[in-house]
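The chains carry the letters A, B, C and D, assigned in the order they are written, with residues numbered from 1 in each.
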Amino acid sequence: MLQDTTTSRIKPAIALEGISKSFPGVRALSDVSLALYPGSVTALVGENGAGKSTLVKILTGIYQPDAGVIRIAETETTFPTALAAARAGVTAIHQETVLFDELSVAENIFLGHAPRNRFGLIDWTKLNADAAALLQRAGADLDPTIRLRDLGIARKHLVAIARALSVDARVVIMDEPTAALSHKEIHELYALIERLKADGKAILFISHKFDEIFRIADRYTVFRDGAMVGEGLIADVSQDDLVRMMVGRAVDSVYPKKAVEIGEPVLTVSGYRHPTEFDDINFELRRGEILGFYGLIGAGRSEFMQSLIGVTRPSAGAIRLDGEVLVIRSPAEAIRAGIVYVPEERGRQGAIIGMPIFQNVTLPSLSHTSRSGFLRLANEFALAREYTSRLDLRAASLDQDVGTLSGGNQQKVVIAKWLATRPKVIILDEPTKGIDIGSKAAVHAFMSELAAQGLSVIMVSSEIPEIMGMSDRVIVMREGRIVGRFERPVLTAETLVRAAAGIEAPSEGRAA
Amino acid sequence: MRLLKNREALLVVATGVLLALVAMRFPAFVAPANLARVYNDTSILIILALGQMAVILTRCIDLSMAANLALCGMAAAMVNTAFPGLPIPLVILAAMTLGASLGMVNGTLVWKLDIPPIVVTLGTLTIYRGLIFVLTDGKWINAHEMSDAFKALPRLELAGAPVLSWLSLAIIALMFVVMSRTPLGRAFYAVGGNPHAAIYTGIDVGRTRFFAYCLSGALAGLSGYLWVSRYAVAYVDIAAGFELDIIAACVIGGISIAGGIGSVTGAVLGALFLGVIKNALPVINISPFAQMAISGTVIIIAVAVNARAERRKGRVILRKAEAV
Amino acid sequence: ENKKIALVVKALGIGFFEAANKGAQEAAKELGDVEVIYTGPTSTTAEGQIEVINSLIAQKVDAIAVSANDTDALVPALKKAMDRGIKVISWDSGVAKEGRMMHLNPSSNALIGNMIIKLAADHLPEGGDVAVLSASATATNQNTWIAEMKKVQDNYKGINVVTTVYGDDLADKSYRETQGLIQSYPNLKAIIAPTSVGIVAAAQAVTDAGKIGEINVTGLGLPSEMAGHVKSGASKSFAIWNPIDLGYSATMIAYNLINGAEAKPGAELKMGRMGTVKLDENNEGAMADPFVYDASNVEEFAKIF
Amino acid sequence: MADAQLSPRNIPDRLQGRGARLMKSWEALLLVVATAIFLGNSLASPYFLDPWNLSDATFNFTEKAMIAFAMALVIISGEIDLSVASIIALASTAMGYAVQLGFDTPALVAIGLGVGLLCGAANGLLITGLGLPSIVVTIGTMSLFRGLAFIVLGDQAFTGYPASFSWFGQGYVWWVFSFEFTLFVLLAVIYGVLLHKTNFGRTVYAIGNNQTAALFSGVRVGRVKFMLFLMTGLMAGLASICLTSRLGSTRPSIALGWELEIVTMVVLGGVSILGGSGTIPGVVLAALIMGMVTFGFGLLNVPGIVMSIFIGLLLISVIALPILWQRARRRFAQ
């Protein structure tokens, strides 16, 4: 590792000064500055919504900052388009995989800057050969000519990495690159980062996993609520320091788990299977219990949960609710039976952008608020008011369009929507994904309260602290199967991670 | 087996079966000379389908193509009657320029004002056709008013085939190169396949769509000249309703209306399939009145087949399933 | 005050009807107190004509003279016009009896039917296959002429009418249908197209197929549009009545009806310089005989219509 | 306790009053346009302001508007039905066929509506059952349905409808109010209530805004969409009865090209072609506007195609103007 990156003798490869960026209703970044140095890895940490990805998008020309300057080699520049940023030597692996399912792997890597022959036409032979070489470098053993849609999420991510390497970059940005990768691939990525460092690239590395930050980063920068709250050398901080900077208070208070007396089984799932998505799922959920489902992204948890409410059809299996066998063929039947699912993809499956808050909330409960098929607006407003205020929603009015709310508040509307149906069992899939710390606390508090009132809760989460903080029991899934069951007393982060990743021997990294 | 799964192969087989069926009742239909004639008759549809393909690939649609064709055709005929001595290549160039400009109007409205493509082209469809009426007072331009050179070009025989056929072959070749070997062609796929990701790739989504409309407009302009000179007449209603034939050819050819999926081969085969049906029905003595119902049925079947082929196989999470 | 006479045509922009309008204007000038409203839909549909007729009723015109796109569909609208005191006649392409006061045929249907097959037969001393290319399948006048033609077909020995196809008065469709005919009937010797749009398209298709001299295109057409094809030999001869006269006569009849003339079987109605027309039991009358054009006279008339 | 954090803040139900919302709405814009056209017509032609003439004018849009109401719901749900005009043709053909077999008016009405329903069901099954995109399916059925009419009729026409049948397209309920116009008003009210005042209408909006989220929220998406296509078919059947009765005859080319006019009417009425928004009052206003434009121009003997240029320009500019206006305002604010 280089020791002297902080000294002023080395000039930054790229520097941001006084960058601000607002979205309607949200100030995503306010006056942040950041410098990246050649041959050095800077870790950017911060809570969900702290503004990390926004910064990445400004660095790669996708967003334009409201204020502030970007300097490359000490000259001021602007990145009006993604192409301009790439030409200036800034490349990124984005948090979402932004790739094209219908195009080949090779083309995904080179789209926008494909090699041309002397007539100015795309040279496919060279393109495929170059792609194969890049994939090799990214540690992926892939045929560059197959279509992207035939790949799993992890391999898609490798393609995204290869794409980032396809431009001759001086700055490489990685926004949570390991979130979707398996153990082996993560290690290959680490090796790749070492090589990039040796080549003198400046690297910005965003991650929520502290073990890897301490393993590969040289410097750190911490964001909170869109502002920079600390930076320095990794060697000078501890994990606790970082967390304190990120959150602004001690972590414990975030999970207000109440002690609840667990009752008899409410929901029994036996022998659930699906030809391609999951297999042999059996478990019981008891009254007052919060059952955590942990796993890496793509473990098949969401797919399985959706089969419980009739969106995905299982090929075999049975469920019992309060001892009675139930057949559920559609979400409408699930809601009537008292099982509700708060989906993971808020934008696609949860919130109905373009409709007012109260209409979102009452949609699954229309049969209660209406009279013989005719709407009763007064009832609707009453119901919406009750549940949104219990979740501490912040909005101008109840007929405000949901699309104009902040992400966290949208999530509250979504949760309110399903709670308003008065369920027996509520399944929350990544309930706090992308929401700020205050809302998170409100959601967690409310979850606790629901359990105390005798509801049964299934909480799917990929966040270890949330799983550990909120669950009475944890089930771990990997590749569509249950690979571990843990009671609260024996829960440790390490056992969870190991089970989820399928590692037998103790891993060498530090557990969070 | 793998071959059969391929949409284009399936279409080739279907066209082959169709030809075989026709040949059973009327062998002369599959004589090379007649097949060449059928191809020639379908040439204009092929050119138009290729333009529409570019637009559909970018997740848009161009309902104004036939109206654009009619307007450009009329303009070409008017230029020809006004200046009979003007060389025909210049007339064609003028028609294509006008077509491209009309395409630009569509493209600009889609790009700069973000009006949904279907609304834009629904509006310009009536406007373009109306303009022909305003321009001509509804008068026809008949064969005797056009110069001989104007009428002769598409039917001129070159190496055994009319120029019209050669022209469409040239356009096919050109579109092959554009779609597979140029950044613009690949951008069409990218913009339709995932507009969000296209931005991350540095592709300007609106501008790419604009160019798609320019391309479809230019091809409509070219087809306008070809149509008018081939049928030796120009009037307000030429090619009325043809926009649906063009879209049908694309759909049959496996071009996904949701954008991002489709190929030059598919569009050409889709157009040829329709062309064979159109030409075969009168020959095998199926009432011409049945033609409409038959092409409707074919479209529905084609959509169903394509949708099956496109249906997501689902993400494979289980290891064992991935091995299969 | 001026009398308002509406000349409603099948579709605006068709050369034949433009010429008829010329005749109507001529009649208006001659009469002095007449304003002719030349109107019609922009494509040949019955619904379009109904909308036009409704707006004419609203304008309280004095008479409507219509060449119909559909025999039956216009009847309710025209009945309403008559109920509101508007004189209604049809000309060229007729309306069913209850929808008009009288119908002016350009010529007698029997004469036309005979004429079109005679034109073909004259150039086929040996006989042979002939096919008919009609306009839309719903066009009244076409259907009548073809029916009349079939009645007298046996008088022409060796002439074998093989089929009737429809070009819908669209140049491209007519062209394609002609191509189909040439394909399906290798021994075809003549194509009879009793429509001005169809005959031009058929002649073009025959020219393109290299069949000039083998297949003779004939029927009803306008000299200005056919001159080239007569010259090339694709068409040896064709016939037509004078559309200018037709528009003139229709306007004259409408004017006379406004001024109290009565349309009833046996009545004789005045048509200015065109003389009189005698109505038959269906209140139909014929204007004049069709006139044949060939290489000897077509150039001369091409300048007129 | 966690409860301490949940300080229930009072969120008002609505910020704007009814009036304020109405003022800023699309319908207000349309109302201005409609009034302008009405005044323009009255000034341009002395014949316009005549009750019987206005009554005649309504025939220019009533049949299309009936379908437009159902089509509005389909488009709000994010789908489209381009086969409506062909359903008219097929239903009319079926009725004409029945006349040949000697059926009388009540049976004819049942047949017209029944064929409409069947066609709607066929569309619905293909779209919701097989999950095919509605735009291409209905382009296909558009050819198929009219094609069937052509197979049955060929170059023939069906005539000879019973005298009592003519009432639907030519009869008057009271004074100048024709049966068709009365039906139009009635259907406007029914569809307005259905879309704006019932659970069903709410689910239509939900589906159009976000089909997946609606499904997850317990909306029976497939069933609702099927119903919508069924209703469109039914309305096409109804329009077919009116049109056939008005024309007194059936040709396979009846109502050719209406589908685009109907879609134009719906879009002009402020229904988003992308789904999720739009109102019935908007569609009613659009129908009136289109009817008045065609009639007003007709009185001036302007050719139909010139009217359609005007409609095309109206369509684009009515959608573009608010966008441009907003942009200008934003620029001004900065």
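One rule holds in what follows: contacts are C-beta pairs under 8 Å (C-beta built on N, C-alpha and C of every residue); 3 or more make two chains touch, one makes a residue touch a chain.
Protein identities per chain, from UniProt: A = Putative L-rhamnose ABC transporter, ATP-binding component; B = Putative L-rhamnose ABC transporter, transmembrane component 2; D = Autoinducer 2 import system permease protein LsrD.
Given the structure is predicted, the values throughout are model-derived calculations rather than measurements.
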### Message
For the interfaces B-D and A-B, which has the higher count of C-beta pairs in contact?
### Response
B-D
### Query
If you average the Cα atoms of chain B and of chain D to get two centres, how far apart are those centres in Å?
30
### Chain centre separation (chain A, chain B; CA means) in Å
43
### Gap in Å, rounded to a whole number, between the CA centres of chain C and chain B
36
## Note on the structure
Listed in rising order, chain C residues that touch 2 or more other chains are 12, 42, 166
### Query
Which positions in chain B touch two or more other chains at once?
133, 138, 236
## Note on the structure
Chain pairs that touch, by label, are A-B, A-D, B-C, B-D, C-D
### Query
What residues of chain A sit close enough to touch chain B in their complex?
60-62, 81-86, 94, 98-103, 107, 111-112, 114, 120-122, 124, 149, 152-153, 275-279, 298-300, 303, 479-481
### Task
Enumerate the contact residues on chain A facing chain D in the complex.
256, 309, 311, 330-332, 334-336, 341, 343, 348-355, 358-359, 363-364, 366-367, 370, 373-375, 381, 385, 388-400, 417, 421, 441-442, 445-446, 448-449
### Query
Which of the residues in chain B come into contact with chain A in the complex?
177, 180-183, 186, 189-190, 193-194, 196-197, 199-204, 260-261, 312-322
### Query
Residues of chain D touching chain A in their complex?
2-3, 5-15, 197-203, 205-206, 209-210, 212-220, 276-277
## Note on the structure
Contacts from chain B onto chain C in the complex sit at residues 28, 34, 37, 41, 133, 136-140, 142-144, 155, 227, 230-233, 235-240, 278-279, 282-283, 285, 288
